[in-house]
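Next up: the structures, one after another.
Two complexes come next, and they have one chain in common, subunit A, joined by subunit B in the first and subunit C in the second.
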Partner chain A sequence: MIMNNPSQKISIMRSKLELKPRLLWLQGLTCNANAHSFFNLPNLEQLLNKFEILYHPSLGTEYSFEKISECDMVCDVLIFEGTFDPLLKRNNILMLNILTHYAHNAKHIIGLGSCASFGGMFKASSPQRNTGLIFNESLKEGPLLHLEEKVINLSGCPIHPQWLGFTLNMIVQNRPIAVDELHRPLELYSHLAHHGCTRNEYFEWKVDSKGFGLKEGCLFYGQGCRAPMTHSSCNKILWNEVSSKTRNGTPCFGCTEPDFPRTDLFSTKTNMSIPADVPLGVSKRSYLTMVGMAKTFSIKRLEGKLIDYKKTD
Partner chain B sequence: MITKKLIDQIEGEASVYFDLKDEKVDYASIAFPHFIGIENILEGKSVLDALVITPRVCGICGHAHLMACVRAIESAYKNANLPVTLSKKAEDIREFTLILEIIQNHFKWLYMTIIPQISKLSGSYQDQHPLKGAFAASLATKALAIFSGQWPHASYMIPGGITCDPTHVERLQALSHVEELITFFEKECAGIDIDSLLSFRSCKEIDALQSDIGDLEKNLALSKMHLKGFSHDNFLVLGKHDFSTQAKLKQMRVSNVDTRYIELDDAYSPDEKSYAKNATYNGMFYEVGPLSRLISSNYPLIKNMHRRFKDSTYTRVMARVFEIAVLLKQARTLVENLTLDEASFFAPSKIENLSSTGIGVVEAPRGSLIHKVIIQEGVIKKYEIITPTQWNLGSSPKNRLSPSQQAMQGQSVDDALFIFRSFDVCSVCTTH
Partner chain C sequence: MARISKEERKENIIIMALNLFSTQGFYSTTIPNIAEKVGMSVGNFYNYFTSKDLLAKELILYISDYLGNEIQKINESDLSTEEKTHAIVKMYFNMATKRPEMIEYFLRVYLSNREVFSENCEGMTCVSSFITEMMIFFDKGVSDGDLHNQDFFSAFGLFMGYLGGMVFLNGEKILPEPINDYEQSISKNIYNALKTRT
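The block that comes next holds the complex of A and B.
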């Protein structure tokens, strides 16, 4: 009998679960990569055990999506993955209505990935109408703008699992999370992707990479690397605990920034052979003075190969 | 009367509409209601940008998209009579990372989708550990990311090779993660060492295992899945790899394949707008994926299962599980024997000068994946992606059923929903 009343059912269950924060994971237009990236988190189980998970798209959870879409319960932490498309329906109900209901009642809202933060890759699907939750690229525009003080953006295509792990753990501990003007946690996004790159010495001495597929050289000058202009901790908290794009010779594409995806991603835009964009906060003049000086040196160690396998193998 | 079922706990979301007769499926149609439009996004962009954009079709098999994309661009170079040289090192590393992505996919499907569903269906209440799937997948992606830089969404394969230049330090680190994953598989999943499992010849040997896989096999049998879910018994493997054999099998008659015979048409979904397309070969539906790969490669256990239970759901599910073992062994061999004394990358001629067409075909977790590109002076004129789910999960009128529609025919709704999931549904790939 009692089970027929949904609110009573919830209260019984909540007492059993010692009032853990209720987490709900909703999706806009998405490729699911943030969900899959998050599955790589070490100690995932311990973190998930700190929450009562109402619904997650890939994990068997307390409620079905059909039940969630009835909007007769509330959550404490709302995760939204994917671009917001005002016309998107799930279970034949406008996602806007589901999102607004849960967002209104949630204490914290996490815009997960660059799509939910700024529109991202899938904004291009319908560029006139798709946005992030509170930003349309870097313009303040989106369905949850009136609730912006609750929104934390975790940009990245996809997010690093530990960025979400950090945010959820801070929430569990009731600690405030300081954010930048794009609502991204400062502790994760005040670094640049450049910090900790194994090619830093080549950047310092302005030694360009001679091409792809090499350990040696910096990718900033020819290969399009955006790491000195991109807020992220990719080279501080390594991907999959082992590496990063730039360490492995792939340029940073700037996927945590509102203008992702840019174009011509594998080459550096230049004006008169000078990079069009210089490292963040550095004046072009200072940068050019620095380059001019560094280029006068010839450093043999940085010009040759670090290891020649033809001689050593 | 039409009964609608919303399918979640798959990649994305799908709806299946059942027309029932005497409580059995008389006809099922499938709708994928969400659309991204990646192909339109690609038009007008530099073709190298496709190496960043196409992996973002899918969060679980983006690496396969990357490899199909790089193969398509390399094929365009060759079609323009411009040479592309690939070192064996680059080819082996590409293959290694592709294999590990398939492995992570299968582990997640096993623990997050199939075991929970068979547990419900069979009433056996088999222990459920969805996060075992996540843990195993995280080990696989760790080994993968050593070479690709990250997973998901790496772009480390480029025309002419790969961007990384690993040392033996990285190679041995990758090997140790693969070995750890093999140990996990043997202890936590199979209950037997991998070589013994690979030498199995009969279902009885699997049935005897006291393990997650043994329990799965017993519950499939308990649910009579060896007598349900038969499809057309047509199999297709289009991708060229060491771990599979390209072939078309029509009721086990083997013939060669030619991608010119592949066609796409709009899916038929009378009850809901669907953005899906159906992929056919010479006008006929074929099943793609692990079962097709293992049958075309003549694995004795899978051939035996197929002889006894045809392309039932039992055979389809067990093939996908068995493929984990096949691929783990292949991954270990690749990384053990990897030589590092060759170049990672040979620069092909300037992309700005390339005007040509190309096709890239790979085996993705769910089966054959095709990228086609038309390039004019380095810019994409047209891009077309044909995904494995467009083969398996097509939706057609009753007189011409797709593999999954055929498999659900005549079954109860609960059985049909399990059978549908046995194809490892990916809606994000279907309506890219």
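The block that comes next holds the complex of A and C.
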């Protein structure tokens, strides 16, 4: 996804600060992609104006990181972006101590991105040591396990700006956020990335895409698309408000799931030509029966280029 | 005497038709021949199957379901991949001995008269339960690290082509020994050919 980093400083209205929830944005090991993605939220300024932003690494905010690291204040909403590394220091202070102080006092904690949710990409630098806030992949082994009822995970690599927008708006309005067993909001993660893909008809009739970036064909059979096994609303809440990876002809990598990143992201793992993983909740037997049937029929309209097809017989 | 249910009668027709088709050939067998064997009028026969082609389709579905169910039981057992290979060979040869008409029909009618099945049984439609179970067998074998990961049809052809060939030789009375005597050596050969290469 292409995202612009805003060059201008976001102006934040400072009036009635005392009524606003205090928001703090901390980082573990991260590439900043969630912050960059979030800056593309169309109504970013309005949303941020609903908070008193204590600190954000890329915005001009009320306090410096030095001040925050002294741990002599509290926040209401803590956003933690990146993988948790128990040995990471910032300003020569263990992040563990800073995180523990603010997490303990916060009303809501948001694990932002797959790194903070499950370990993600930056877990790879030290797989034995690094984790998410409550999960190590899908095992409950993170440092904030004792505060898990306050933690909302927004997995994704990166998150869609609207996912954080939705969560912060719900918090500001004091509305409850129902979550799944991995602490992800159901409103955002009960869909599969496959839902709403423009290639669904090709999936149904088992017509493979002949390559990347084409309009035709489904990427499940050869190109590694994980969307039928991935909880996310990427094809419902579109990226940059216009499209999605799979609509553009790039496979879903399953970036919202605890086992991300996997290897061989651009090819489908098969056992004797049979996909090793089948759509969520579907037994392999049912899937194979259905595929056998669908593959039997050849639908002319789905075989060629969409723009070349002239008849509807 | 208890009345025979419609289902039982249908099963009866299927068994008789399988026998006739596999011994006399598809085209030489007529509906009156089958009706006579089952002991019913031609008119009544049409209450069960409206045409000979539809009956032909039902027969292949019947065989595929039978094979599919047998292999499903093997797939769902705790046997190792090597033991499952043996169990499938054993089941297939048993079927060739006890229900030869089923394999004969499959080899001599279904595979040899494709035009009969082109309308109602395109592609894998009529043999899907059997093929699906073989897929499940291969998929599990590969994911357990026992079988070499290769194209499905290359592996399927090796397994089923070999068994079909042996049953054919048996049917032609070319095999010097009863077919079941070959069970061990053939399942070993199949497993050795399909197993992971080190």
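Everything that follows uses one rule, which is that the second predicted complex is superposed on the first by the 290 of 313 C-alpha atoms of A that agree within 3 Å, B and C clash if a C-alpha of one lies under 4 Å from a C-alpha of the other, contacts with A are read in each partner's own complex, and residues count from 1 in each chain.
Here is the rule we use: a contact is a pair of C-beta atoms (placed from the backbone, for glycine too) under 8 Å apart; a residue touches a chain by one contact, two chains touch by 3 or more.
All of these numbers come straight from a predicted model, not from anything done at the bench.
Of the two partner chains, subunit C is the only one touched by A:288; subunit B is not. Applying the stated contact rule after C-alpha superposition, one finds that A:33 touches subunit B and leaves subunit C untouched. Applying the stated contact rule after C-alpha superposition, one finds that A:157 touches subunit B and leaves subunit C untouched. In the superposed three-chain model, the partner touching more residues of subunit A is B, compared with the other of subunit B and subunit C.
By the touch criterion defined above, A:297 lies against subunit C but remains apart from subunit B after alignment on the C-alpha atoms of chain A.
When the two structures are aligned on the shared chain, A:192 is found in touch with neither subunit B nor subunit C.
Look at A:271: by the touch rule set out above, it reaches subunit C but stays clear of subunit B. Subunit A uses no single residue to touch subunit B in one structure and subunit C in the other. Residues of subunit A that touch subunit B in their complex: 29-37, 39-42, 44-45, 48, 57-60, 64-66, 88-91, 121-122, 124-126, 157-158, 211-215, 234, 239-250, 253, 255, 261, 263-267, 307, 309-310, 313.
Of all residues in subunit C, those touching subunit A in their complex are 72, 122-125, 128-129, 131-133, 135-136, 138-139, 141-143, 147, 149-153, 155. Taken together, the subunit A residues at the contact with subunit C in this complex read 270-274, 276, 284-285, 288-289, 292-293, 295-297. By the touch criterion given at the top, residues 6, 8-9, 11-13, 33-37, 41, 45-46, 48-49, 51-53, 56-60, 62, 90, 108, 112, 116, 128, 130-131, 134-135, 137-138, 141-142, 144-156, 158, 160-165, 167, 173, 339-341, 343-345, 347, 428 of subunit B touch subunit A in their complex.
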